[in-house]
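Naming follows writing order (A, B, C and D), and every chain is counted from residue 1.
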């Protein structure tokens, strides 16, 4: 990554942004985070066909609490002609597949929270503190396969991970770099807001846990190896890493808690792991992005932490909390990780990726 | 185990029982289960000193819903002279240590839910479907160490496991017998009632999970190896078995959910595991005990099961439900287990042990 | 009401029943209550067009736990030709309006939980313990207005109240009969299952209350006056009764709690009210219906009762619990009422009405 | 009230404050609100005897998240010699009775959240936006009754209302001033944090409501009439006002919701009530206090508001939200009120009273 040092974030004009899937839970969070953003100005919004022509404010859930200027924006089709070069996408995965490729082919830089392209080895899947260098994939000139739309110059798709993976990576990456992770077993206790609206019925989450989230375990098993991988030519080569995931939904509003056991290549004690986390730093260019938290990982020392309600908002939801770090009698270490699924896990992740793209000189004001 | 075939449960007089720790959450459940019990009649109750002399009904939580006859019993001291030979104990572990040994030394058979003696290799820790034969330890004549009270003839202590272990064993034992379990990693999502009253503050479990239960993980790591072990002389020799446990408390009333990954000695597919569970049977003498459920283990086929609220009451809380049986990319298999923590995990477990002791000819009507 | 004494419920053949709206929350409860019903046999099921042709078991929520015979019934259209004379309807109110009138015109007796005809003065709105005599409206021969379908002989519609009203009436009727109720102010705390599936999103009921239930307050204000009214010719004349209702949704699974203040015509003390409730009896013919609870109203003496989780299941969900009976500084008395919204408030209410119709000699085996 | 206009809050030195009952839920909130307070500096803390000598940080719940400087303060006895003239008290009511009178007799100004003196007609019970003028009671020289401690000059006790009343008054006062309130019926749905720690057991508030809060209803019935009353000589004469209150505890973390019906002396429509609320203004001197919210009352227009989780944090928890304003068929109007029980209802209320005392020239830096 080569951040352009001449860019002065604080004096330049704000960059116009279009937001797709603006009416959902993640879309509304994106709209909130964009409201007073120092670099971005949300000027275009889109959602599914049936919302087209409505004001955004009429189509979001009443808890969204949008700024009046943003609530007043008129919803367009996700395939409209957008004047913003930068497009943030919170589309459902099905819709995202066709729309995002088309917009990239028109030259837009699409920073997407959707899962549609995460497993495409030619599309960067980025957690800026971990693999900002994967952005370089955008420079590859791609040959179009039959019937495939390829990005126009300056266009492309950048994705962020699934919410449970996004919360896991800041805990996993420092261990992997220092000790190597060979195997990982994780059980997640995921918050309701991770399902978006309407999400599960309240009937199912009173006095109950639902031990299944469709598609989630496969994403948790696959995405980390890609994020920890390296660029070779026009694609990412993942690291070898076996992950076994069990995903459950618990009666918590926000905050995914993950119970992790890892097998390390080089043995490490809990104290050595603590040191790895404490010394973990984002690359300098990433640390200076507006949505970068002061600390990527914090360690909770109290034996009954991290807890979703008490720890999810650290670093405006962008700091991940690790706790209960113990030797594992079966593998090397076990610990718990807590992250805000809508911030570190979705909206904040996408914004951070968009900021990274700006710092890397990849974003223009207009198409 | 040699059940006395001449015992006819349905015609004999009911056996008087004393209940210690009757005012707590598990104590109240025991009192409920004893209300219409075909073999037992609750005639004596005891609790801590400060309740002595009160009626039981005045000292239990209002949700206990005791039968008027039982609510009217007067609370005695746990070290009173009880006329019942059989004593059920739901004492807190601290109180249990001294009291239970003393009562055994006086010749009582103490069937205890307390953790005080679970890790004593000379005291049976029993899940009747799994290791009813461990009762034979009661026949050992024990030399008293200095300052130690030893059971009088006919006296002794029988324990049941910690609630999370009690729910796990019916799932683990069939796999262990058929394929051998070498290593097990488990994350529990435990219900609030497992903490008894007052238990956690409601403040801590609204919109939250508490990822810590004091002492629980050590019990989960240690007890299964003893239960799966065998009697040698006057003690149990545990099997070799590495267990890594992480215990969390979730906003659920009853029902412990456990996310398990196992490494088997002999590889097995999910279908082979299913077969092992389906074919698992309690010994005939155990299967005929009044509190034995028709099925010890049931397999939930729906992909989002087992769920605490929907599955905890199967078999009057004595059936354990297994679901989501999948190959584990890191070990051999993974699955979820759900059990009712107050029934299979505590009160029902103790009653089943008491019934086992009766069937095994170890219980007299009077001291 | 003139129950035909020659009917011997216990020896006669079971009466076939068709169930409309079988796939919803109330429909599934009805199917459960019909499973071992001594008088009825569920033989036909129907739901909305898009479920037609499916097995019932494939279309209900997994927590419905239907009997395999019933789960195997094939869903028909709600306007199919049913052979059962008796039809239970749990249709959504919109669908109910046309369907129920048509079925009544074909000669079916439709016992409905839907709100479509509750406010029609010519259609009985019945709580059997209170106004079983309103069934006599079915004997009226009605002139068809233009474009209106009128019941064929033997046909008709019988409704039960809204769930909050159904729970309120057993508390209100005894006071009204003895002292006269002039004004009533009620705030309800209603359970989630009252909204059916999917009902509110889990996001909205974690750490929250939603103080609004569409249409509910108008129903609570209107229905009691009709139920307490009397038959005049072909219609019900309601009693004068001012009701002010505020309806809220709370994070409780089942059980509507209602905080009530009443202005009585004849002053009464809490003790006099208690006596009125204790002495309240269903008419003998109603008391002998299979779904009639032993006690219609129970009084909870503990100062912190009634509570939804602890009291909702009294009398298999058909007993209403009253508690905290106090003088009201503003009106005469205030108290709390708790009822099971799916039993006393919906499925149990409809079944009881159907049983009443049978006892009253209005139900044939076949159309 | 005569605020001293020469006081310049922003340039003067910060006023030292002692905090009693610092370890409880309200105490911890007070400590948080004092952390960056523009006028006050928390320099002394006290709690019950058994905490004496510990650091505050060791004795508060882990969710208190205190500033390190404040966490490091050493706990003293509540009757220690404090150098601060101003003392904030969050003591339990029993302890408060003796302690607060003694401290006032020593010349301290005690601003208390405890209920001990709220019903004493000689002690001001203040909601600054409503009855700041009641502070004048502090100027009365009081004759000591036998055995009674009377405040020394400059000393005295100022109280704020019970949390449910504190949230109700900003809604009630504007109606009372403009139309007169004669009678009020209220059912509260109160949050768990209102009970402090440990408060109710989590067992009691899963899938449940507890319709009883000891002592609460009497406070709600009595306090508003005093707050709306006027000073006559050395005491408050309450207004005539009949209040009927039913208090329930619901599974919500923060935010008391109250369902209110009022009988007005002068009839008013919902629109006239809305106008009264919109035009309601705190006295200018109060509006400029640092903890005064921009708006004392806000009106929620959406039909399903106010909701605890969505509305409790308005105005940093000091703004009260009114919604669902409708004519009442029994009295004049009904509506819902939502307030943050720990801010507007407790810690924020006490701080606002302390600020009022400062602005009114009643607080010195040292005893």
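Assume a contact is a pair of C-beta atoms (placed from the backbone, for glycine too) under 8 Å apart; a residue touches a chain by one contact, two chains touch by 3 or more.
Computed from a predicted structure; not experimentally measured.
Peer 1: Have a look at A-C versus A-D and report the one with more C-beta pairs in contact.
Peer 2: Per the contact counts, A-C leads.
Peer 1: Take the average of all CA coordinates in subunit A, do the same for subunit D, and state the distance between these two points in whole angstrom.
Peer 2: 43
Peer 1: Could you state the distance in Å from the CA-based centre of subunit A to that of subunit C?
Peer 2: So the centroids are 49 Å from each other.
Peer 1: Residues touching two or more other chains, restricted to subunit A: which are they?
Peer 2: Touching at least two other chains: 63, 204, 206-207, 251-253, 304-305, 309-310.
Peer 1: Sort the chain contact graph into one of these: line, ring, star, complete or other.
Peer 2: Here the contact pattern is complete, since every chain touches every other one.
Peer 1: Under the stated contact criterion, what part of subunit D meets subunit A in this complex?
Peer 2: 62-63, 65, 206-207, 253, 302, 304-305, 309-310
Peer 1: Which residues of subunit C touch subunit D in the complex?
Peer 2: Those residues of subunit C that touch subunit D are 183-185, 187, 189, 204, 206-212, 221, 242-244, 246, 248, 250-253, 257, 259, 261, 263, 303-310, 323-324, 328-331, 334, 336.
Peer 1: What does subunit A use to touch subunit C in their complex?
Peer 2: Touch list, subunit A to subunit C: 25, 61, 63, 192-193, 197-207, 251-253.
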